[in-house]
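Presented sequentially are two complexes of chain A, the first with chain B as partner and the second with chain C.
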Partner chain A sequence: MSATAQKNTQYRRPQGHAALVFFLLLGVMPLAAGLVYAVLYSLGLIGYLNTGFTLQYWYIALTSKALWASLTLSLGLAVLVSTVSFFLALRCVIALRPHLKQRGVRFSLHLPLALPPLVAAFVSFQWLGGTGILARGAHALGLIQTTDSFPVLVNDPYYIGVFVTLLLLNFPFILLLVLDQYDRAGITEYIHLAATLGGNSAQIRRKVILAILIHRVLPTLVLYTVFLFGAFEVPLLLGQQSPAMISVLISQKFSKFNLADVPVAYTCAVLYAGVILVLIACFWRWHFRQSPNTEPA
Partner chain B sequence: MKLLSVQKLHKSFAGKTILSSVSFELEAHKTLAVLGKSGCGKTSLLKMIAGLLDGSGEIQLNGNFVHTLPPQQRGIVYLYQEALLFPHLNVFENIAFGLRLRKMPEPALREKVDGMLEDLGLTTHARKMPTQLSGGQKQRVAFGRALIIEPRLLLLDEPFGNLDVETRANMQDFFKKMAQQQQITAMLVTHDLKEAVRMGDQLGYLDAGNLHIFDHLRDFIADPRTGMQAESAFWQSIQDAV
Partner chain C sequence: MKKALLYSICALFALPFAYLALLSLATQWFYPALLPDSLTFLHWTGLHAGFFSALAYSCLFALTIGMFSTLAGFLSAQYIAGHPWRRWALVLAYLPYAFSPVIYAHCIKFFFLVSNLAGQVTGVMLAQFILCYPFAFLLFFRHFDADLRAMEDLSATLGASRTATFFRVLLPVSKDALRLCFAQTFLISWFDYGLSSVIGLGQVRTLTVLTYQYIGEANTYLAAVTACMICFPPLLLLWLNQRFVFRSETLQSETA
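And then the complex of A and B:
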């Protein structure tokens, strides 16, 4: 190693350590402290009404059908929104890539990202509600007799309103991600290569475009799914009380008048964090086994 | 026996002529090395022959017109400067890619890919992902992936341009050996004089969209555009100075 390189490394090391300490203090410690607090609360070790170590809150939480329904609903909806967003984005990029790269179109794709989820939920309510714009439009066109005949799309048992709103919020982000990765991965060259190797259009779409892009965007897509798993404002406004998405359920338990529910709420929060951490750990383990020495997109 | 015949290939883009009535023929099991500076139309020439770029003119392979066929049906493989290994597939699956497109039965596929891995000297690397390979190994895999489908013609667009000097020389030797062993007909474009002379059985020079094919190496050396005389004079002057 040259003297200059050694000097540079010597200067870089303390900076690297300082950055790590800064990250641990501001990024990891508050979250870890919050999680430890929640674990202690769930075990009855802290809290106003707690009297000492107990597993009763864990028993209540783990045997609660509402909690498992909530976790399943949240995970299912998050995976569905991410999957549909990805395939829609892929379809759009394949069909419309030259148009999507135009400056005006590209800028307009960023606009939904500036929309707060609560505002998006209100907009969806205005459009999809029983007396909303779509219902009134359908009534004006004579498609339905009364606005009551309009299908229930908000606070509905199938979470259609929540799905549509999360999709509208999520899709532009995924579209920009896929568009960017399409260019970065040099997909055009791969398509040419696969064509000369004998691949037809369907094979190229499946074995080249889809396979390469999914390989590149999957880590980001999984993290975004985790983010959707904890969605709060949209399901709070457009979802149902039962089953509720996990963040809404935890919020319900925290804000109840019964203070005995607070430790159960903390238990649900710990379970929620645990499920996410296990999912992320499983994903990264699988991902590194699939693609060693690679950085996420 | 003549394998490739190109007649009056023409390409222009935004009013600028890229290729101007290019015509030439290539014998089977021979390598045509085309030398040319950057931007002289080398890549366009190869892409038109592969069917990846539109233009006018006629292309025959084994006496059959192929210029109206899509790339999938020409039996011509185009190799880029980058190895372009599929990042989600390991070495074995990258080499097997073309065979899987043809839905070859698994036992025959395994036997063929294993044989190719042995020829490439990559048997121990079969399960590695592209990120675990060196530049030279990646290029070998790219060659294997192309050769395993037994293309009628191999087009090489500066395939060793990204490699260091030593690996580049090794890959040139490797290609020469494979070309002889597997009776490959290939066309290579490069801006590297030494590479062109080393690799080509036949030599050409592309300048401003015009291709000139040389009958003999001495004609290639005599043409001042190829830079061969300047190169020799340079090394001679070094030797004299020493």
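And then the complex of A and C:
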């Protein structure tokens, strides 16, 4: 290697360290500092009402039914939305794949990208509410006489409004992902091979298409589930006050005028961070077991 | 039957935009009317100064954050992708990306308060940057794979200077990735509500914060106007992207 080439390739080392320091400072440090602050606050070591080390806020948080209900609700809804999105997308790809590649259809599938969660929640509120477009349609068809007869779909105890909105926001992304992976994996060839070997359509669907796609899509699906777990704007507008999804619950506790709630809010934030860390760690562990030499997208 | 299902799905995705446009133009649209009584531009022409300042803030944040995050993410990923600790950096980059922005904002709010950045334009900008930067890093990390690094080495072996390699090899090759990253970080900033509302303390009102305020006040027509404004730039980006990507794909397939 010539001297110029050596000089040009060696410059990476010090700049690599500098880039790493910059990344740690601006990309990781703020979150780490925030979490350390939250842990210290939750242990009563800092904050307006601190009286020295105490575990009382942890006790309050861990024995709070609202927190566990909130965590269960958030995780359950996130898993449900991801799962339903995936199976709906799979069904659509199997049935409509050639049509999904048309220019106009592809454009339509990308449209929800332009819809922020806050606006999506607003539209859902206007459509699913007691005086919303669906209720008006039902009234025009003579199905209901008063707004009370229309089922409660917004701020309802079963989170139907939140589920529908999150599903409509996420389904197109999952559909595009499944469609892309279907083509990349060359599933059409596998289908021909399985059919030649005597597999029927149900077997091909379950043991070829589903088996290949679930393996390829799972990492992204897990990440989507993590995002949905922390969804804020949609449950804020369409969900209930209690049980609330975890981001809404923590935000409520921070925003209350009762200062005694603030350490509990920090405790909940630490617990939320713990769940996220566990999910991300599982995701990485699983990924490196499957393909040790590659990084996920 | 299949086509009917397909067009129903497409219509379902297009419907919110049509509805928002109609609502923003409606004079009165009360239950049980299926359509508004009449249409007017009054909600659009009667916008007050608060709306324009929110629009200006949103544009300023989205453009600045899009630019700086893309630049910082590109440069960081370029050097860290070849670093021995690259895998750890990647693992760590996922954490802020996976965290709920509103909880993140509450956790770091204290530092913004003590440094007098809370409720300031620079504070909201910094908060959005520290959210978007790891995302940009993740996007470029995959881009700087072994092939691109080998290309960089080849350029150096052939005697190109660092500057020449950067401007004549890396940038042209990364044009699409840079465009994608700018669009994504622009959208994250443009759509952000959680960070802006918590760090901005209600004093820095972006379009999303203003929309939430209108929804809270049950001012549906103005909420629809601001919602339309929020949706317009992403729709434009999407249209441009579809137009050019589709054209380049068509050209490629025709050449092949």
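What we mean here is this: the second predicted complex is superposed on the first by the 261 of 297 C-alpha atoms of A that agree within 3 Å, B and C clash if a C-alpha of one lies under 4 Å from a C-alpha of the other, contacts with A are read in each partner's own complex, and residues count from 1 in each chain.
Keep this in mind: contacts are C-beta pairs under 8 Å (C-beta built on N, C-alpha and C of every residue); 3 or more make two chains touch, one makes a residue touch a chain.
Keep in mind the model is a prediction, meaning the values are calculated, not measured.
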Q. Should the superposition on chain A be reported as showing a clash between chain B and chain C, or a fit?
A. fit
Q. Should A:Tyr158 be classified as contacting the first partner (chain B), the second (chain C), both, or neither?
A. neither
Q: Go through the superposed model and pick first if A:Phe232 touches only chain B, second if only chain C, both, or neither.
A: second
Q. Between chain B (first) and chain C (second), which, if any, makes contact with A:Gly199: first, second, both or neither?
A. first
(Q) On the A-aligned overlay, A:Ile212 touches which partner chain: chain B = first, chain C = second, or both, or neither? (A) first
Q) Looking at the overlay, what does A:His99 touch: chain B (first), chain C (second), both, or neither? A) second
Q. Does the superposition put A:Leu26 against chain B (first), chain C (second), both, or neither?
A. second
Q: With chain A at the apex, figure out the C-alpha centre angle toward chain B and chain C and round it to a multiple of 10 degrees.
A: 100
Q) Regarding the shared-chain residue A:Tyr59, is it in contact with chain B (first), chain C (second), both, or neither? A) neither
Q | Partner contacting more residues of chain A (chain B vs chain C) | A | C
Q.
If we overlay the two complexes on their shared chain A, which of chain B and chain C does A:Tyr190 touch? Say first, second, both or neither.
A. first
Q | Distance in angstrom between the closest Cα atoms of chain C and chain B, superposition on A | A | 14
Q) Tell me, which parts of chain C touch chain A in their complex? A) 2-3, 5-6, 9-10, 12-14, 16-17, 19-20, 23, 30-34, 72, 75-76, 78-80, 82-83, 85, 87, 89-96, 98-104, 106-108, 110-111, 129-130, 133-134, 137, 141-142, 153, 156-162, 165, 187, 190-191, 193-194, 208, 211-212, 215, 220, 223, 227, 230-231, 234-235, 237-239, 241-242, 246
Q.
Per the contact definition, I'd like the list of chain A residues that touch chain B in the complex.
A. 185-186, 189-190, 192-200, 203, 207-208, 211-212, 214-216, 290-294
Q. So in the complex, which bits of chain A are touching chain C?
A. 1-2, 4-5, 8-9, 11-12, 15-20, 22-24, 26-28, 30-31, 33-35, 37-38, 92, 95-96, 99-100, 103-120, 122-123, 125-127, 131, 133, 135-137, 139-140, 147, 168, 172, 223, 226-227, 229-233, 237, 246-247, 250-251, 254, 265-266, 269, 272-273, 276-277, 279-280, 284, 295, 297
Q: Name, in rising order, each residue of chain B that touches chain A in their complex.
A: 47, 50-52, 70-72, 74, 76-80, 82, 84, 86-88, 97-98, 100-102, 129, 131-132, 145-146, 149, 151
